[in-house]
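So, here's a batch of structures to check.
Two complexes, one shared chain (subunit A), two partners (subunit B, subunit C).
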Partner chain A sequence: MNVSIIGAATTKFGELWAVSPRMLAREAVHGAMVDAGTEAREIQALFVGNMLSGILGGQEHLGAFFAEELGLTVPAFKIEGACASGGLALHNAVCSVLSGQYKTVIALGVEKMTDHRPEDVATALMGAGSEEERLAGATFPGLYALLSRVHMETYGTRPQDLAAVSVKNHYHASLNPNAQFRRLITIEQVLGSTKIADPLTLLDCSPISDGAAAVVITSGQSPKKSVSIVASTVATDTLGLAQRKSLTELRATKDAASRAYKMASVEAKDIDIAEVHDCFSIAEILALEDLGFYAKGKAAPAVSRNEVTIGKSKRLVVNPSGGLKGCGHPVGATGIKQIVELVEQLRGIAGDRQVKGAKIGLAQNVGGSGATAVVHIVCKAR
Partner chain B sequence: MVGIVSYGTYIPEFRLRVADIAGAWHKEAQEVIGSLGLMEKSVPAADEDAVTIALESALQCFQSSKKTPSDVEALFVGSESHPYAVNPTSTIVGELLGVGRNYLAADLEFACKAATAGMEALAGLIEAKHIALGLAIGADTAQSKPHDSLEYTSAAAGVAVLMSREAGSRSAGGGKLIANLLSYTSYSSDTPDFWRRDGIQYPSHAGRFTGEPAYFAHVMGATQLLMKKTNVTPEGIDYCVFHMPNGKFPRDVARRLGFTNEQLAPSLIVDHIGNPYSASSLMGLAAVLDIAKPGQTIFMVSYGSGAGSDAFLWKVTDQITSYRRKKRQTVAEQMAKKTYIDYVGYLKRTHKI
Partner chain C sequence: MQSPVKIWRNQKKITTLLGKTGRIISWTIVRTPPAQFMDQAPYGVVLVELEDGMRLTAQLVDWQPKQLKIGQRVTTVVRRVTQPNADGVIPYGIKVKPI
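== the complex of A and B ==
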């Protein structure tokens, strides 16, 4: 694969009530283009990852919407894949460059969620679920609570192990100036917070957020600060949980990851940093196992032992940005933000949260309860 | 000098425990209580509305004063639960009080700060010597949709404040003031944090948006403006009163502004009756006036969604001592007089079933 990321930027994530979607997109894209040293005339296409603009904001046609805002008249596309919209946008951007159709394109992820009532957002997010689950009144916290229960019963995973994911990711977020929650929390605070869907508490759950992130990618080798995309894969599974053969894994993640490792000619043990989709604490545990970092049932104790924490890890660091839990989860932006974090880590410009010597990074972006999984592997340009 | 001649309060005696609301919706009661910072709220009787509550508070106000309703030259009623969309509460109350015909009547609506807007308007009319005596009332039977978070706090109560200028000044009229209005100001913006469209039964709100950019920005904005205008600091004030949408916000904003718990605590009626919307900050003021000593200062800030805050600096006069000897129920006594009802009883009394 011969695609490079030459520019990357993210806005601050959080409750950005004074900032519009247009302003978010402009800030992220401007940052990425300045980082890349790219002129607008060099951009040949725009891929926008977004999930909720239509159902919450009444605004569809996002390709042209953001192209107009950015002063572009290039081909522009909205890519929707629930919370994996950002990852899917990048995948489509990569494919467009690999096809030879375009040389330099932008992948933008953007979401504005906090202007709307939480109950409306929760209903809108269930648009990513199956009809049966939706009609039954299920919510994503409820679905991930089911996955948690099965994991706990099968592998003895404890609530405090799940809580350790949130504690770690808040610690990482405390080191990230763009994160939504820059404060430390304890296991006891997670366990004692409001129960959302047993066994998941409030602090097991990622928040509703606003934010945008953008990358500029181009074909071929690139300037010295660039990062190469060495794998970009997507896999899908059933929308609902009922049809799944196993509830202790997300098969789509396993499928996308196995193809990504093959595409990049690397193995799980070669990955130095991973940005994974911790929409709920159990989701990070599942990701660490499904991506091959740990055997089934072994990830939760490892997180509790600080094996994937910045400054304490001896090999792999997971979610140095703070993940979805600590950094925030503007759903369409998350997949691109993961890539921006990997780029900054591989360039060695991640500041207080820098993982020393990181050379290969992996991003796993999930839509729904595992119906879509996107995996990217990036490495320092050689 | 403009000030308060008399005040009256009315709190319906029915109470609903927050724990009972939480139980009805299978919520953890202690989590809700901890989150909102209150235990129970007042509930109107089935035949009570903003008119009857306004009237009850006004009657108590006149029971404590030598002034009579016929002395009133302007009557403003602030509420967001006026029984009629078109047909003023203020004239019904004026008629029942016997104000007469030669008075300015107006209904005001500005979410929870409508009544304090009326007080500012009265102060202006009195200062301009256009009138000598005016009555501002805040009265609400606050609406909230079942299972909405507002349901835990929306309450019912009324406060009437009779305002005039000091008797004996060169202009005609006036009365003995129990508190002088040293200064006041307002802070307003287009901030849609809470609203109810015409014809819609229950208000909507923007969740967490009602906090920082709404309540805190406006209450703190008005406070800082008035402190700058009057050159006072929290240390120089005896009591503070802030609008109380829940138990947490007033405590938080007082702490941020540098007030102590001792300065705030006497006004925290929210702990006992919830948020009676237009009557909230005025009930806090009344609770403080019930105990304040001559010479003490009271800093009061209302908040109305949409959004705005009115800030007032009061100084209690020597008249407060003789005023209290009149037979009247204090806010504390009204809060203590209560009959608990269950959730179904609440639904019936508020005509939800």
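== the complex of A and C ==
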């Protein structure tokens, strides 16, 4: 696959009450274009990943909205796939370049969530699930709690193992200047925090966040510092949990991953760093298993043993950015932020959180309770 | 969710699901509800496998703490889903209760 990432940038993630969606997008895109050394006239299309601007902010037509803000008059698209909107936007951007229609395009992920009441954000996010789940009042923490319970019952996964995911990701976030939460937490704090949907506590859950991230991608020859996209895959499962055959895995993740490994001619063991979709602690455990890094039931104890922590891992590091839990989860921005993190790691410019010698990175971005999964594999330009 | 037309259309589905029995295969208690369920929280939400093999996600009603467990037998019942909307239409739906 002859597609390169030549520029990448994120804004700070967090409760950014003084910052508008326009400002977020401009900062991320400007950063990515300066990084790429690309002029506006070279950009041929814009792909915007976003989930909630319509239901929360009343603003749709985001392709035109952000193109106007960025001073671009190019084909512009909004791509929506719940919390996988960012990953889907990049996938569509990659496909557009591979088609030959465009040479250089921008994939932007952006979300503004903290302007609204948590109850309203929870309602809006439930648009990602099924009608049956909405009528049951099953929030997203509730749906992942149902998955947690089955995993615990089947594999003996313990609450303290789930908590270890959040503790690790807060540690990684403490090393990331753009992260929402730069403070360390303990297992006891996670277990003792307010229950949101049993068995998940507040600190098992990623936060409500604002933020944006952008990448510039291009076909053909590219500068030395660029990163190659060697796989970009999407898989789809049923919207609702009740319609799934298995509740101990996300089939969409397994499906997207197996095709991505084949496309890139690599195996799970070749991956040095992974940015995975830890919207809830259980989601990182499911991801580590479904991506083939660990056998079923083995990921949670491994995270507890610090096997995927920066500075302690002997093999794979997971969520060096701090993940959704530590870095923040502006839903449409997350899938692009994961890619920006991989780019910085592969270039060796990730500062305090640099994973030494990282050559191949994987990003897994999930929509809903696993109805959509997007996997990208990137490597240093060869 | 609250359009009167949609509520009317959903009635047909409700009748096909009534009076069925099954078992809880997973459960949670939602303590941070969405806006329209604020008056009900905390409430139980369960995944149920019915005897005909069909699964559904539903609210649990009329339950005691000891009944909140995997394997608990339940039956489907009709209940009010949320408060009436501005048009005064009461949305009813399927919930499950322990037996």
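We take it that the second predicted complex is superposed on the first by the 382 of 382 C-alpha atoms of A that agree within 3 Å, B and C clash if a C-alpha of one lies under 4 Å from a C-alpha of the other, contacts with A are read in each partner's own complex, and residues count from 1 in each chain.
The working rule: a contact is a pair of C-beta atoms (placed from the backbone, for glycine too) under 8 Å apart; a residue touches a chain by one contact, two chains touch by 3 or more.
Please read these numbers as outputs of a predicted model, since none were measured by experiment.
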Requested in this report: In the overlay, answer first, second, both or neither for which of subunit B and subunit C A:Arg134 touches.
Outcome: second
Report summary line: Comparing subunit B and subunit C in the superposed model, the one touching more of subunit A is C
**Report entry** Partner chain(s) touched by A:Arg182 [first = subunit B, second = subunit C, both, neither]
**Finding:** neither
Report task. Would you check which partner chain A:Trp17 touches, where first means subunit B only, second means subunit C only, and both and neither mean what they say? Result -> first
Query raised in the report: After superposition on the shared chain, which partner residues are touched by A:Ile196: those of subunit B (first), subunit C (second), both, or neither?
Result: second
Query raised in the report: Does subunit B (first) or subunit C (second) touch A:Arg158, or do both, or does neither?
Result: neither
Query raised in the report: Given the touch rule stated above, what does A:Thr114 touch, subunit B (first), subunit C (second), both, or neither?
Result: first
Query raised in the report: Do subunit B and subunit C land on any of the same subunit A residues, and which?
Result: 117-118, 194-195
Query raised in the report: Which bits of subunit A are touching subunit B when the two form their complex?
Result: 15, 17-18, 114-115, 117-118, 194-195
Report summary line: Residue set of subunit A touching subunit C in the complex reads 117-120, 122-123, 126, 130-139, 141-143, 145-147, 149-150, 153, 194-200, 240-243, 247
Report task. Using the touch rule from the top, collect the residues of subunit C that touch subunit A in their complex. Result -> 1, 25-38, 40-41, 43, 45-47, 55-59, 70, 81, 91, 93-95
Report summary line: Per the touch rule above, subunit B residues touching subunit A in the complex are 28, 31, 35, 204-209, 213
